[in-house]
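What follows is a pair of complexes built around subunit A, which joins subunit B in one and subunit C in the other.
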Partner chain A sequence: MSASFTSLIYTYIGFPLLAIVVLNLIGKKHMEKFCAPIGCAVGVVQAVTSVITMLLLLQYNKAAVNFSQFWDMSVSTEAAYFSVDAISAIVLFCIGMVTAASFLTAAGMREEKMFNYTNVMLILVLGMSGIALVTDLFSLYVFLEITGIASFVLIALHRDIIGLEGSFKYLVMSAVASAFILAGLSFIYMETGSLRYDAVAEMLAGNTAAEPMLIWLAFLFLIAGFSIKSGIVPFHGWLPDAYQSAPAPVSVVLGGIVTKMAGVYAIIRIMSDFLLGTYSVINLAFMLLGLLSIVMGALAAIAQGDFKRILAYSSISQIGYIVLGASTGSMIGLIGAVLHFFNHATFKTTLFVNSAAVERQTGTTEIERLGGLQKQMPVTGVSSVLAFLSTAGIPPLAGFWSKLLIIIAAWQAGGPLIAGIALVASILTAAYFLRLQRKVFFGPVEEHLSTVKEARGGIAVSAVALSAVTVVVGLLFPVLLQILQAQGLL
Partner chain B sequence: MNTLTMAMLVTAFLLIVTGLFMLVRTNNLIRIIIAVEIVMKAITLLLILAGYINGSELLPQAFIVTVIVIEVVVAVVAAGIAIRIYRHNGDLDIRKLNRLNG
Partner chain C sequence: MNGISAFLTVGSGMNLLYVMILLPFVLALLCLAIPKQSYAAKAGVFVLAVVANLIFAFGVFRAPDATMLIPWAGFEINLALRIYDFSRFIVIAAAIIVFLVGLYSVSFLRRKEYAGQFFFYYLLTLALANGAFLANNFVVMLFFWEGLLVSLFGMLVLVNKDNVRTAVKAIVLSGTADLLLMLGIAMTCMHAGTMMMDAVNDLSVSGIGAVGFLCMLAGAIGKAGSMPFHSWIPDAANDAPLPFMALLPAALEKMLGIYLLTRIVLDFYDLQPGSTMSLVVMIIGAVTLFFAVSMALIQKDMKRLLSFHAISQVGYMILGIGTALPVGIVGGLFHMVNNALYKCCLFLSAGAIERATGTTDLKRVGGLGKMMPLTGLCFIIAALSIAGVPPFNGFFSKELVFDAAIESHTVFYVIAVVGAFMTAASFLKLGHAAFFGPTKLPDDVKKEDVREAPAAMLLPMVVLAAACVVFGVWNRLPLDMIQPLLGDTLAGQDFAGWPHSMTLVLISLAVLLLAIINHIIGYRMTGEGIKAVDHIHYAPGLRQLYHCAEQHYFDPFDILMVFVRIYAWLCYCIDRAINWIYDVLLVRLTSFFSQSLKNFNTGDVAGYMVRSFIGLAFLVLLFVLLI
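Right after this comes the complex of A and B.
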């Protein structure tokens, strides 16, 4: 059993690497037209592998599978190793799904730098998979930087001035965040002499810190660093610029998964591995940051005039929900956070794919210059309505269930006030999305748009597939909740 | 904590504050890159200190080499972007980077 598991885990890191090697050995001349299929294949393989991993974990009834390559991980407390558990498997599935959608969008947009885009995207996939697999804080930092550098290059891919500006802003904020994270790591290392999650968790649980001051300092830096990386209010300045300035297929992957992996996933890890219940002040800090993001992100989204920028502020607001769920310190909140992570990857990717379709067919993403596209672009219109209903938390769709779990957990942990604010902010979500839908898809057709046709090919395929995931997961959610209840997790 | 530890800790903090202050005050793209590098040097110092306090210098050495490599890559990408911006705008002033707002 362990042999099959090990070879499965290889595919997460090995398959992107193999694809990069093959692409560059054969060369740009011959491989340019195979780039999109290869990228899609990497994404689909990753998604399928993570489903198989999940099923194997369930079948053998194990919490996690550990795995190390060049050394025996039991040899010392400092040896690094990889591990896959249920949370990583879900997150790896999201990465695969969003990668496939991004490559389909790139094919549909006739991306002119397809070869460069594919190579850097594969490195990005490698980095994000690494973040999901590692079990010590320093390896986490290394993969964070791989992810970060790949996304700076991708944002500036076309070397236009807007892309360069967004990329530079992201780069500087991300470099400062990395410095803060490393400072936090070194303070933790001063206390424990190891950066492995289990060693840190043991030290925190046992309260064996010789100088508690250092631990507070470490968490101060870590909170600041991961909040910048995930774009929580008030650290969100770079995020809308980066999303808006990136080329369409890149903003699909940025909005769908990258900032969530780089920041939010690390926060979920810290909360679930170290802090479930202990150090309640840190939980409270994250809870307040989450609430602030939910409200401020939604309010700012109402005032925006660009399709992608509205989606970026909506991302900030939804990230707030994920952080709120993770910071409640209870199992139900954590499950809600992970499921909302999955749902957010689905519906936000759908919406960015839709914005790519609108950009490709009309040449603009400014909502004032758009209008009445529903008739001409039925697939885009319907899938964006579905995604928006899921974001706003309308019952049969997937977004409702995860938001429900998060709000219940927030009520249990922080009382009715916090849960109430989160609930009311849901209505704001509906407000900004209704404005977006009305300006872009509903109403009379603008004259200069009367010849616009539906985007075909990859863009339509990924929009339909992602909408199907939103609907099917939403309808299957009660079954999933029953499984979780049977496992004793709810 | 002995005097040496204290001195290194204070130096590292001063370097971090210097770097962040420079980052906020300057309007020049290259100076921003230098400021980020200064902060990273302070972090390297903190990692060395962590190894010294623990008495396990080997692992922090491996960390530091890795951090230096990553930091160089970040600096190269940043400088590349700065050069491109210079070709577009004709100077390195960040106040001219105002096309994205809202």
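Right after this comes the complex of A and C.
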């Protein structure tokens, strides 16, 4: 058993590293055309491995499994180590899935700087996998920075003015966030003397802090820092600019997973490992921030004129739902948050892939210049409708179930008003997506678009595959939920 | 024949109860299923149904008292039926009328396109009416009672499929009455604590009892066609096929309504003579009979004139039963039977005239007595009966009602007598205009073509006319069936034979004489039978009133519709307002916020950072406030 578990670490951390080394040893000249398959393989292998991890956890009935491959755990109790539990496994699956989709999109878009893109993407995957695996706050910070730096480079990949501007905004805001997070970590370290999740949790649960004020300050900074990283209103300013200015395959991975890993995953970790049921003010703070994000994101999305910008604001709104679910501090809310995380990775990636298809085939993402593409681009149109129905929470698609759990949890924790606002915002979701669908896909064809064809290759494949995930997971959701609950994993 | 009589006696008539309800229904469906071309087959099934119903009604008539109960819906709602004096009597009476009108319809509707559907609704009506008469559970009775609205609506749209105004009017008015009945039954059942009709006895008419009584009363008189639920009947006279008028407004609806009214007054509630509720019922009766007969007086169309009499006659019944005196109740029920006989006969003879000449407009026909002698004879007998001429049946029942009215209050008696005067006057006019005087026919009808009606139509008329005579001369026959219904209330009184009060008889005769004198004066003044009452119609003051009434100013339905329109307008406004909130206000608000938020994101990093710090400050504030 331990052997099978231990080998997992090689696929999560080792495989991307190995790919980078191989690519650069052989060199750009020979490897340029193998970049997309290799990147895709990394993503698929990671997704498959995470499924295997999940099955192993189920089989051996364990809540989590720890690795100490690089550090000897027996030397010091303070040593850092990796660990995979159910939440990590789901998140790792999302990373693999979105990575594969991003590489397929890059192949479909005939990315010019494929070699550079692949290298940085693999570092990004490494960083995100690290975030999912670590068990102490400082390692978390290190991998956050790796993820962040890789993202800045990717956004500015083409070195055009728009990309550089978006990248710069993200960089500046991330620097502020890093400062906040580091400050928060240092305050916690002053109290605890350790940044391991279990040590911090023990200190918080026992309420043994010598200076409670420090803990409050620490959380104040952590909340602000992670909020900037996840793009929660009012810390969200950089997010739409960065998403819009990034090249298509990069916005797929940014919108699908990066900001979620960098911010929301940490918030879920904090709520699930440290704060289940205690420190109600922090719960309240996250709840208010989540609601604000839901409503503001949805309202702002309605007026946008760019396909990708609408998706960006939609991301803000959906991140709000995840934070709202996590903020309830209840089991059902956390399950809802994690599953919405997964669903969001699925449907938002689908939509970004669709926007890439539209951009590739028509040369624009401005919705006023698009129209009636449904006939010419049936795959894109249908997968986009499925994804938007899932986002809006229409049964039986996957998005419905996670949103339902979140709203139930919100009702239990915050009363009908909170749940009602979250519910009404769903209508806004439907409103901005209907507008998007109508302007881009429905109605008569614009004259200058009459020769447009469906995008082929990687883009279509990933759109179909992701739509299939949305539908299948939606249909099997009750079963999955029962399995997870029966094993006590969530 | 042996088989039938054996069947009739098996199981104390219990199985008859199913058959009475189910057989007409099944045959009704069969009538509908038979193709349109085979009229003979349709008519055959139809006649079979009414004849079988008559035979089974005799079976029920001979069967001993019995109750049966099939558990059904729970909550004490069981399919309970009951044979006893009243249901026996009313079922056989209905069966006879249904049989006669049915026989007439087969001949009258030949070559009519809607005949098959008419037969279907006719038999459906029969099944439902039988169910309502035999039910012993309030909910079951209500089920059959409300079901009658279906056939009512169906028959009214038969002829004018495009113009459903009359049908809608009928369903609104009858539906209102039925709704009140439902409320009344709910309150009565709650008051009594049971839904079995034979278990509800002599509830006190006070508090919730009074409300329940009034609501049930509205249902009963609404079905009977009393004011204010009456105004669809004259419209139906124009729009519906004539056998419908003879069957429902003239006979069966009166039977249903008066049956329920009698049950309410006699059984369910303890209505004391002279009490307030008794007065209410009597006022309704008096108002109905007076105003309806006033309208009948001036009509120039046979069917319309008769339809107003169909309303006014029910006023006599309600007045009689409303007195809550034994003589009044007996008189009311007797009048119901008599009314069914002569009113049916009158409608049927009007139908015979319509069939022969193509019209019932009195201005276009005249002197038909020579061409249609038998029809004329039947008409005259029925007219004499309704006018209250001895020794025909109407005279005796009317005298009983007069007796009860004067015992309650003289005002009611005076109104009833004035009503009798106008009834006599209107029929003098009708008879004179239609059957006597110079021969007058519509332009497109030749004199040779106008013939006596066929035997199948004449037979019912002759039987009904004969019954009018028999029930008058030998009035002990019906009264011996009616009087036991009152049970102990009767206290040994017997109203059969010649009326007890000679004074009242003399007054009635004097009124009849007055009517004749009035007719002669009117005839002298105008020279035409049809204008014999014009001196009343166009008298100063009355003329304007009549004009308003003819313009439907007093039609409860039209008055109701004014309120409905106001209400509908209000609802429309509310709907628009709500729509505005959703379609305009919310959209504008949303786009306002969206635009503001869009403009807020300027792309200025410093601004983003400032906002982040504002967010941090907000968090600090939250922490400070709540820790």
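The working rule: the second predicted complex is superposed on the first by the 478 of 490 C-alpha atoms of A that agree within 3 Å, B and C clash if a C-alpha of one lies under 4 Å from a C-alpha of the other, contacts with A are read in each partner's own complex, and residues count from 1 in each chain.
Basically, contacts are C-beta pairs under 8 Å (C-beta built on N, C-alpha and C of every residue); 3 or more make two chains touch, one makes a residue touch a chain.
Values in this document were obtained by computation on a predicted structure and should not be read as measured data.
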**OP:** Tell me which partner A:M173 touches in the superposition: subunit B (first), subunit C (second), both or neither.
**Re:** second
Original post:
Should A:G237 be classified as contacting the first partner (subunit B), the second (subunit C), both, or neither?
Top reply: second
Original post:
Just subunit B (first), just subunit C (second), both, or neither: which does A:Y321 touch?
Top reply: neither
Subject >> First, second, both or neither for A:F441, with subunit B first and subunit C second >> reply: neither
Subject >> Which partner reaches more residues of subunit A (counting touched residues only), subunit B or subunit C >> reply: B
Subject >> Which superposed partner A:F93 touches (first subunit B, second subunit C, both, neither) >> reply: neither
**OP:** In the overlay, answer first, second, both or neither for which of subunit B and subunit C A:I302 touches.
**Re:** second
**OP:** Give one of first, second, both or neither to describe whether A:F341 is in contact with subunit B, with subunit C, with both, or with none.
**Re:** neither
Subject >> Partner chain in contact with A:F400 - subunit B first, subunit C second, else both or neither >> reply: neither
Subject >> Those residues of subunit A which subunit B touches in one complex and subunit C touches in the other >> reply: 165, 168-169, 172, 176, 240-241, 303-304
Original post:
Which of the residues in subunit B end up touching subunit A in this complex?
Top reply: 16, 20, 23, 29, 32, 36, 39-40, 42-43, 46-47, 49-51, 53-54, 56, 59-60, 63, 66-67, 70, 73-74, 77-78, 81-82, 84-85, 88-89, 97, 99-100, 102
Subject >> For the subunit A and subunit C complex, residues of the former touching the latter >> reply: 165, 168-169, 172-173, 176, 180, 216, 220, 223-224, 227-228, 234-235, 237-238, 240-241, 281, 284-285, 288, 296, 299-304, 428, 431
Subject >> subunit A residues touching subunit B - in the complex, by the definition given at the top >> reply: 78, 138, 142, 145, 148-149, 152-153, 156, 159, 161-162, 164-169, 171-172, 175-176, 178-179, 182-183, 185-187, 189-190, 193, 240-241, 244-245, 303-306, 309
Subject >> Complex contact set, residues of subunit C against subunit A >> reply: 590-591, 593-595, 597-598, 601, 603, 605, 607-609, 611-612, 614-616, 618-620, 622-623, 626-627
